[in-house]
Amino acid sequence: MRTLAQKMTAEFLGTLFLVTAVVGSGIMGERLAGGNIAIALLANTIATGAALVALILTFGPISGAHFNPAVTLADAMEHGIAWREVPVYILAQCAGGVAGALTAHLMFSQRWYSLSSHQRSGPAQVFSEFVATFGLVSVIWGCSRWQARVVPFAVGCYIVAAYWFTASTSFANPAVTIARSLSDTFVGIRPTDAPLFVVGQLAGALASTLLFRWLVPNLAVHAAEVLIPHSE
Amino acid sequence: MRTLAQKMTAEFLGTLFLVTAVVGSGIMGERLAGGNIAIALLANTIATGAALVALILTFGPISGAHFNPAVTLADAMEHGIAWREVPVYILAQCAGGVAGALTAHLMFSQRWYSLSSHQRSGPAQVFSEFVATFGLVSVIWGCSRWQARVVPFAVGCYIVAAYWFTASTSFANPAVTIARSLSDTFVGIRPTDAPLFVVGQLAGALASTLLFRWLVPNLAVHAAEVLIPHSE
Amino acid sequence: MRTLAQKMTAEFLGTLFLVTAVVGSGIMGERLAGGNIAIALLANTIATGAALVALILTFGPISGAHFNPAVTLADAMEHGIAWREVPVYILAQCAGGVAGALTAHLMFSQRWYSLSSHQRSGPAQVFSEFVATFGLVSVIWGCSRWQARVVPFAVGCYIVAAYWFTASTSFANPAVTIARSLSDTFVGIRPTDAPLFVVGQLAGALASTLLFRWLVPNLAVHAAEVLIPHSE
Amino acid sequence: MRTLAQKMTAEFLGTLFLVTAVVGSGIMGERLAGGNIAIALLANTIATGAALVALILTFGPISGAHFNPAVTLADAMEHGIAWREVPVYILAQCAGGVAGALTAHLMFSQRWYSLSSHQRSGPAQVFSEFVATFGLVSVIWGCSRWQARVVPFAVGCYIVAAYWFTASTSFANPAVTIARSLSDTFVGIRPTDAPLFVVGQLAGALASTLLFRWLVPNLAVHAAEVLIPHSE
């Protein structure tokens, strides 16, 4: 049994390291890639996916390792977390995300924050965020009930893929979106573009949760079921 | 026990996301790689392999996560799926694949579909598809009976390798082949080249299934056997 | 209980696909990398490591998935395989390796074989092969007794690393060395350089096996022991 | 039950191969990357992360696979290792690290050692090492009590990420820092810069250990607890 303070700390630290990984590897990648953006994004992708695996394994047993308000809200809809804990989780995630951007800036000797000028707007970008978050939450719902041990690997793999298959590089996380609006670097997003990203993300999480209510009924009953082979 | 509608939805969604990953990461890779095709293909490879791991983990417990008519047919030959469900599976896979190409095009602000002009013909290409699908189905048969939990990782790893060791970049999937004929991008295939690809794929799947009938007799009996150490 | 014919087929097919992965991804990587050898080797590395994971998972339950005469000899020294089966294993591996090179050449529309002109000689190269194979066999001995399930991943990871940390790109396998001498491509080795590579490999395998006899005494007794935490 | 000599050998060999992987892949990457440092670092990253997974799996059951004085000290603080064994561990790690640099130099036909001229100084670098080691030790504490089987993968993934998200490329290990000061290559560090790196590393390890004492109380009691799902 963890106390709420312990859970908050885990969500804060986890989101901090996640955003540090995203922003820091973006800075390092851009510095070293000699103008080849694909190589910079490849480094950014691998660092983010690997960080997610390590961080979910590390903090999962304490707080569930959400690091993401969209995931916390989806989890609350399915009674995986009590609604009264939701605001605390989201606050810890947003604060951790901002602290993570600051940590990255300090390590790379940059100003501690700077509003991003990286434009990411238009319906295709918002649709990308819808798809990205729909997929992320689907992966979580699809894996977590039957085979919770693989969730860290599934989420890490999913984000690695989604960085490349969405036009927005798959933020898929409101807390990370806010933090990235405070970083005028490779991975930033203009503050004015952030709200629609969050709307797309929450819509994707909601759509996925409603779908999986039908796709995986009686979730609790199947909790111990074996995996991959047809579950008939 | 899943209903057929739930299985169809899983196959549709899984194949949709798989093709979105293939096509979307192909577009992103080509856009950013500055003309270095190896870097574009590396991004395409990593995104596809990672997506496969996440998607098989997510939808495997619902439908078996075939996403591939060649796998469904091989599974039916071995009585893993009832023959009456086969047409439904294949229909869902093909529809999902086409929807996946559309989704990728929409996210990247391209026309919703365009016939590919990417030539992939000649006996070496068709032989490549035979080898690619023979290997894929062998991996599935080799792993799934003894150690089903590792199938998602084995398949993801196999496709990552096969993208590079086959001259055709290893489509190895009729539904994905059809979908890629509708995408005039990095990963496309001319509609006129698609039928022979499918022939090579089905021949590879058939050859592997016949071989593994001899290689792993009494499959059901060995289902609970331990792995890796010599199984004597 | 597998028959010897089934084991031979597994060793033949596994080594075939392994060499196809090495040679094929070498050709593809060199063709696409635009002269940047690091990118070609990165593709070659990822394809080889991923193929190893998939192939060991696939054929491990049938034959033990050696694919490597040095591993077979080390295993026989520790009574993991009967000495009378050793020549059959090595024959299947060498034949599979040659067939793998041919398969890759056919897929890429090259002559079915060509003696390599890629020079790899000198004491530093032979020392590299000693180190590479010492490490490979150590990984196998270190993992296989306590935690056989992770061997495929440990071996795949090891080879990915060793491609880059040895000056010889870590052949570490006599059957693969022979096969690569028949491929005048990126991954080839001059036939005249092959014998000393094999000597270095066998010496490395022998040294590691003798060391682990002392490092892990009473192997059988510890078979069921838990892992990673200090095994006291 | 392992003898201290066996544990020392495991720590020596493991740290040797770890540093060989770091230094060797750095040399190979720089030689082949044609001046694109991002590609060289990508190769260096993948080789190091993959080596860590293989080496922790291999030597973990014998010595715990610390390979790192900061980890050994943190482990002793929590009574995971007896204090009287600590000096022996650290000695074996430092000797192994130096031997690893030599091995890499020999394989690549370089002078057996050379003092590095690679400047890595300033508060941002030292802060990076604090963050890097804080994260590394957190990953170990977070994973090892509940789910020791995943520690090798979690640590490998963490280091892959940390290479890119810290400005210092995350040495995070005093023994490796000493060894790298003896290698005037891509991965070296000036001997005069090494002491502050070690200070940052030890401070990070200490801070993480104190935090996790509060975050995960009654560690022993929870040892058998299931993972990822909220541990309430």
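By letter and in written order, the chains are A, B, C and D; residue numbering begins at 1 in each of them.
Quick note on the criterion: a contact is a pair of C-beta atoms (placed from the backbone, for glycine too) under 8 Å apart; a residue touches a chain by one contact, two chains touch by 3 or more.
Here the structure is a predicted model, which is why all the values come from computation and not from measurement.
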Most distant chain from chain A, judged by the mean position of its C-alpha atoms: C
Interface residue identity across copies chain C, chain D - same or different by half: different
Centroid spacing, where centroids are CA-atom means, of chain A and chain C in whole angstrom: 38
Inter-centroid spacing, chain B versus chain A (mean Cα positions, whole Å): 27
Residues of chain B engaged with two or more neighbouring chains: 36, 39, 42, 46, 153, 156
Chain contact topology (line, ring, star, complete or other): ring
All pairs of touching chains, each written as two labels joined by a dash: A-B, A-D, B-C, C-D
Partner chain B, residues of chain C touching it in the complex: 1-2, 6, 9-10, 13, 17, 20-25, 28-29, 32-34, 36, 39-40, 42-44, 46-48, 50-51, 53-65, 80-81, 103-104, 106-109, 144, 148-149, 151-153, 156
Residue numbers on chain D that touch chain A, as the complex places them: 35-39, 41-42, 45-46, 49, 122, 124, 127-128, 131, 135, 138-139, 141-143, 146-147, 150, 153-158, 160-161, 163-168, 211, 214-216, 225-232
